[in-house]
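Have a look at this one before I ask anything.
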Amino acid sequence: MKAATAEDKRWTRKHLLGLEELSADEIRFVLDTASSLKEVSTRSVKKVPALRGKVVVNAFWEASTRTRTSFELAAQRLSADVIDFSESGSSVSKGETLIDTARNIEAMGIDVIVIRHPAAGAAELLSRSVRCSVVNAGDGAHEHPTQGLLDLYTIRERFGGKVEGKKVAIVGDIANSRVARSNVWGLTKLGAEVMLVGPPTLLPRSFEQLGARVTHDFDSVIGEVDVVNMLRVQFERIKSSQFPSVREFTSMYGLTWDRFQRCKKDVFIMHPGPMNRGIEIQSDIADGPQSGILQQVTNGLAVRMAVLYLVTQVGG
Amino acid sequence: MKAATAEDKRWTRKHLLGLEELSADEIRFVLDTASSLKEVSTRSVKKVPALRGKVVVNAFWEASTRTRTSFELAAQRLSADVIDFSESGSSVSKGETLIDTARNIEAMGIDVIVIRHPAAGAAELLSRSVRCSVVNAGDGAHEHPTQGLLDLYTIRERFGGKVEGKKVAIVGDIANSRVARSNVWGLTKLGAEVMLVGPPTLLPRSFEQLGARVTHDFDSVIGEVDVVNMLRVQFERIKSSQFPSVREFTSMYGLTWDRFQRCKKDVFIMHPGPMNRGIEIQSDIADGPQSGILQQVTNGLAVRMAVLYLVTQVGG
Amino acid sequence: MKAATAEDKRWTRKHLLGLEELSADEIRFVLDTASSLKEVSTRSVKKVPALRGKVVVNAFWEASTRTRTSFELAAQRLSADVIDFSESGSSVSKGETLIDTARNIEAMGIDVIVIRHPAAGAAELLSRSVRCSVVNAGDGAHEHPTQGLLDLYTIRERFGGKVEGKKVAIVGDIANSRVARSNVWGLTKLGAEVMLVGPPTLLPRSFEQLGARVTHDFDSVIGEVDVVNMLRVQFERIKSSQFPSVREFTSMYGLTWDRFQRCKKDVFIMHPGPMNRGIEIQSDIADGPQSGILQQVTNGLAVRMAVLYLVTQVGG
């Protein structure tokens, strides 16, 4: 932790809203901080007193297992107190605005609001209305920066510290994916080459403006990539006009056994979870030796510890 | 904290059920205790070990953001453990009685039950059935004593320690409001003059028996009051026979800009939240310099810390 | 706690899945450990640092007040961190498998998963998929081992340490009851004589194979038993073809006042809760001096502390 304090000129942000706004150096600094914190989770006593007496509020306006639990564990591991503020049972159902709710939470003397919200821009809106730190845990189809950071961390770890020059395919419903967006920002800043793969209805050409290659033909790139990051098919969000059927999706964009065998020998397989086994990813591949899926979860905790730690070190 | 222990003859109650039963001196003692605890929330490490190893159970049979969160934070700040016991997922849905549930919770060795319940008298009923402390967090239309106390705290703070002689208007649906009731008891005991303002269907004359003035004409008193406490319009509870329309409510009883300008220059504006902006209160006024609305929230935490602390100091 | 460490050859299990698999000596060892931990709950500071920095996840796929709260309090009392993972708001609603969910939770570095699940065998399935400890908090109609242990603890305590030779009647819907099953295993291993009592549709003869006596006539055994353990009538699970009416159930299998008077003078009355007062048990009996119902709740906490402590002492 001393490294972070001594070098805190490297981190001056009170909020983490997205990866678009971060510099490559800032991203590397979060990953380095996560690296030094990851070891805490392997101890018998999985706790450091870094944030003792601080309060983190999980304000989730969308259901989530992993992300909410991951932030809660990350906060606990830093000895912070955590309050869960979930939609049901809250004033939100009484028609209160997001900002009123947040201001009220803040008036109780809390240090960080971790927000997940269906509206793009919700985290930023919040950060302009409160004095405490805001961490974006997913805002609509905009960004999910801690997912982007944990994916970067996992790729960096897998390739001995080097992200630059790696070819990363992100596959699926790109248009609706905040995970894809945060990954594109992060990966390109660190010098990776990103290929976005998906059907035209779910992957507009405009994504090239983010600095990524866009292709609708998975098979044309499958043999050249170092990393395949399969997105979850969100049936509930995809309209029937956008894709004919699940079976067709799997046959064109699923990571099937056949496709996997045409990958590079040391290809690294990722998925943000929760998986639809047998749909976007074959079960054996997800559980196989080249899968980094559970490492992503483990690293997510370290990344979130780093983020909570860093944003709370920045004064008013 | 020593003051409390040394002077504990000033507080001998194991439960906080309502303000009706408290003496002026008891109320002042809670406010003084809150005052000495408020500073904890401004520390970097927002925690004192006062209730370490004690267990507080939040038993809420009605949804609530602020109150539940406020109690949870208050308990954490005193280093107590907090268990959340919410209606859904509980035995209540299996038809168990309130008292059976409470006795079972108590048998697990807990120290305080904080109860919110739709039935007036639920907290008192509970207090006669269990040996642990009971704190009423709102029972039907009966009382919401910690809200009353935090309102008193905020008024006292605003007027340099003096509540006596202040004129306080409480405006809106008085008949259904436990907030109003607890405020009337507390304010009159401390020597304030209370005016209850609302339509005849929501404010029976019988409220005069509580020691308050009753008026159905907001404009007739607007110029003379030191404090305006606007209640939330609870659309879900008001029957259409009781009031013609929201628009008419606003025009007759809302704190509009026009009405605000006819107030005393240093009038103090309060609202227990969550607000219906533009209905019972104009948005600009709520966010303006004379509004104490967020201070109420901040003080609520200190008051709840004081209450949890005091009731647990009283033996079996 | 030293006793446990010194004699840890007496406990070598990483998981607690059921009482069927435990030896009499293992059961006695859990009860002895619970006995030494029970005193913690009577202290002013109800906390020991035994599991500081450990993480317990409550993963409940079925609603429960007591069991979930009891485990949460037990973990807190040992200074563990507790994460609540309830069905709603989780990835389960997104169709994720039990095992994927559990592996993901585990990848976050947790020590114990306490699982309640509607499917018999869910806890065992989980234990084969994760490296952390698994504690069964009820799996379908299979087992509820901590309930069995707390019932044993309460009987042992009531009869001065002696379970052997006691006659215990378990009454009600035996076929669907994991509580009955765990009790039968535990009681017979410790040398008690178990009588299962219920209507033929809810109590097949095959239960004799577990080593219990089976009878459909409550009155024929009422006078000879030392303990009557009344199960909850689960209206929601019993089909109308299995029993004609609630009234008839009460008249044939309820613990009425009349039946109670035909019991032994020092008969001990138990119920796992929540009770249907007036249906399977008369209210006065439940609250009377021979009832151990609230002691069961108190002992449940001690037993769960013991279980959480013991399973986490067993290495990888």
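Here the chain labels run A, B and C in written order, and each chain numbers its own residues starting at 1.
The definition used in the following text is that contacts are C-beta pairs under 8 Å (C-beta built on N, C-alpha and C of every residue); 3 or more make two chains touch, one makes a residue touch a chain.
It should be emphasised that the depicted structure is a prediction, and the values quoted were computed from it without experimental measurement.
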- Any chain that touches chain C and chain A: B
- Query: What rotation angle superposes the Cα atoms of chain B onto chain C, in degrees to the nearest 5?
  - Reply: 120
- Whole-Å distance, C-alpha centre of chain A to that of chain B, is 40
- Where chain B touches two or more other chains at once, the residues are 88
- Query: Considering the complex alone, what residue numbers of chain B touch chain C?
  - Reply: 52-55, 57, 81, 83, 85, 88-97, 100-101, 103-105, 107-110
- Query: Which residues, counting only chain B, touch chain A once they are in their complex?
  - Reply: 41-47, 60, 63-66, 68-70, 72-73, 76, 86, 88, 273-277, 294-295, 297-298, 300-301
